[in-house]
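Input: structures, listed below.
In the two assemblies presented below, subunit A is common to both, partnered first by subunit B and then by subunit C.
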Partner chain A sequence: MVKVIIYPTNSLILSDLVERFGHTPIAMMAKIKEKVSTVGVDSPPLNITPEEPKMGLKYAAVEVPAGVRGRMAIVGPMIDEAEAAIIVNESPMAFGCMGCARTNELTKFLIRQRDMPILEVDYPKGDDEAREFVYKIGEFLKSLPKDEKEGEE
Partner chain B sequence: MSGKEDDVITKIVVISSDSVLPIDAAMKIYESETSIVIKETCFGTMVTGPRKDVNRVIQEVVDLDRNHIFVKERGFPPGDERRCRASRGGGPRPGFHYLREEVQMLPMIGRALDDYEKKVPLKKTPEKKKFEIEQLEDIIRSDL
Partner chain C sequence: MKEEAVVKVALVSCGSEYAGVHGELESVAESVNARLVYPEIDVSSLDTIGKEFGLEAASPDLRLMMARAKAVVEGIADVDGVFITSCFRCAEAAIVRNEVRRYIHRHSDIPVISYSFTERTTAATLLTRMEALTTIARRRHLLAREHQSGLTAGIDSGSTTTKAVIMKDDKIIGSGWVPTIKVIESATEAFDHALEEAGVKREDIQAMGTTGYGRFLVGEHFNAQLIQEEITVNSKGAVYLAGKQKGSATVIDIGGMDNKAISVEDGIPGMFTMGGICAGASGRFLDMTAKRLGIDITELGALAVKGMQEKVSMNSYCIVFGIQSLVNSLAKGSTPEDVAAAACYSVVEQIYEQQLQEVDVKEPLILVGGSSLIEGVPKALSELLKIKVLVPPNSHLIGAVGSALLSSGYVEE
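Right after this comes the complex of A and B.
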């Protein structure tokens, strides 16, 4: 079982496919859950403290906007934790509620810098493309090692 | 910090099936007799409860139509004041637009998963290229 980071980091389709093929998705939702449910500072809308942009300095320079650094404080450790990655390009909806375009570019850049298996595909626009999308992701996930299942609940 | 056992999680179940309705999934969850909270939504259900129970119930629901029911974890619990539109003056909640975009793709993905399971060979499709800038220029100029 391998930890697979997905981009877009909150994708339903990717998160489901990774889990379906027996791996652990590293997705934004689980990290956000930690932020919103950890007992501590409860500053709406999230438990984002002034510490976050500082943590983001590991991934982005100081002159980068605090918003990017704050987001990287969540996304950065996800990239560090990952053992494989699936990047889906051509996802215009990843720009918007999810975050800014610069964070997305930096996320993809940092994932590509890591020495790990990476699959890059495009979001499908038709049935044929969807089939190719699923086949590629399926084969990629099947090619990843699937051991240590006993330790998992 | 809470331990792994009392770790409460929320999962979104999105139903894109021709044979299973969101109410069928909800009934399945009601039948499960576990201490979980569910919320029925327009796209499926949201299930909140201890991780072990949620995963077990979700597996039962997914088994209703494996390739056409999709699941992802959600950060906020249902009805959370920071996200729920009831306390935010209406409008779609943050994150809904993304989900809606993906929900539109789910029938295609479901059919592709069916084919993948049946090992239908992949047809080679010509790669679509982006519109060349020169072509666009030609079109603009041809109108003049």
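Right after this comes the complex of A and C.
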């Protein structure tokens, strides 16, 4: 079982696919849940405080706007934690979106910089492409080690 | 002379031609005998470079930036240095500029500087940076010098203080440290003090180097062999004094007016930043804090070490607001110890937020400049970065020592 970061980072479909193939999805939903349910009154509803954009400095320079850095404070550690990644390009907003084009660009870039198995696929435009899309993702997930021992080999 | 050869600097930019600053860029290049060149690329690569580089920027000119960086790294463009620049406040450019800078630094040993401009950027603002870039490209042999030989002098004419040292065979035999009032008079006073301490006469000095804001004036006055900006001089001085001339190091110089963060490899700077948004992030703020607390600047460090910065909320992003929060916290009954600690932490936090993202911090981290003597500063920096901070002996004389060291290259000539 490996930790797979998905892009878009909040795609329910991708997250579900990763889980069905026996791996752990690293998705925004879980991180946001942590944020929302952790007791704090600083900055509702997400409890993002002025500290987060500072933490985001690890991933983007000070000149990059605070909103990008605040998002990177959540996404950056997800990328660091990942052992594999699935990136879906050209997807419609409803499939998942971070709401910020600059964060999207930086997130994809940082994922690509990691030395780990990465699958990049385009969002399907029809039924045939959709089957192919799921098949490719399935094959990729099957190729990942199932347990830690296998991963070490 | 070989040293005077034109340095080819690749301009990797996004629209500086449209921003009204191009004349200034050309002018600063010319003033340091450099020529801006545009790395050739295949136009069709602009459609694929985003994917290839990994960063799919929406702006085609930013893709052009990546393609040009690739041409530099692959040696298609034969250049000696790279100047990466884009508009201030463009979020996408800030992301691309940083990644392009890292990419060139990782895949080549060509010196790189990056800068974000506004329409008010002038050649004078860029001079020290461009001078450092061309020096690294042009004078590698000089920067490779690891030992001081003969009897040499170095004068660092800084914005707040002027420092002078006399060195003989790798030892500091005399030093002077005076506040900068009139540039030449202060330099003369510091120099005379150093000469007196060393027990030598001016005419005995075999070579001299000058650095700092007043370097040109002081250098011409004393007929110095070496007149050099403070980025290369201070990084050289820092690794020399710290005994870390081989391998990687990061030098942070907190000056009286601005700060420098420099990545150094084998004593030669690779990436560096200079600046700070406001004097709130410089030694000047600490000076003002000491005055407000009614103590001498030399006492501030010991006071800060006894305090807890967490107890005082202070943000010296702007020196005026910084002083305001200092006054407010004292009025609320905060102890001078806590306020002193908060002031040190605030300066260090500004350096972390504004500058350290621009260089890759690699250990050892060497802290130099007058502020490094304020014990609270290295302590705060170490706490913030969670790494050991090295303050070499004579860290306040760094520019003068670097100048004396480098100028000894002219003794043998």
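Just so it is clear, the second predicted complex is superposed on the first by the 140 of 153 C-alpha atoms of A that agree within 3 Å, B and C clash if a C-alpha of one lies under 4 Å from a C-alpha of the other, contacts with A are read in each partner's own complex, and residues count from 1 in each chain.
The criterion applied here is as follows: contacts are C-beta pairs under 8 Å (C-beta built on N, C-alpha and C of every residue); 3 or more make two chains touch, one makes a residue touch a chain.
Not measured: the values here are computed from a predicted model.
In the three-chain model built by superposing on subunit A, subunit B and subunit C fit together without any clash.
In the superposition on chain A, contact is made by A:19 with subunit B only, not with subunit C.
In the superposed model, B is the one of subunit B and subunit C that contacts more residues of subunit A. Touch criterion met: A:65 reaches subunit C, while subunit B stays clear of it. Rounded to the nearest 10, the angle made at the CA centre of subunit A by the CA centres of subunit B and subunit C in the overlaid structures is 160 degrees. For the three-chain overlay built from the shared chain A, the minimum Cα spacing from subunit B to subunit C equals 12 Å. Comparing the two interfaces of subunit A, the one with subunit B and the one with subunit C have no residue in common. Subunit B meets subunit A in the complex at residues 1, 4, 8-10, 12, 14, 51-52, 70-77, 80-82, 94-95, 97-99, 101-103, 105-106, 108-109, 111-113, 115-116, 120, 122-123, 125. On the side of subunit C, the complex with subunit A involves touching residues 54-58, 88-89, 91-92, 94-95, 98-99, 116, 352-354, 357-358. Considering their complex, residues 8, 10-13, 15-16, 19-20, 27-33, 35-39, 44-46, 93-94, 96-98, 123-124, 126-135, 138, 153 of subunit A touch subunit B. Within the complex formed with subunit C, the residues of subunit A that make contact are 54, 57, 60-65, 68, 101-102, 105-106, 108-109, 112-113.
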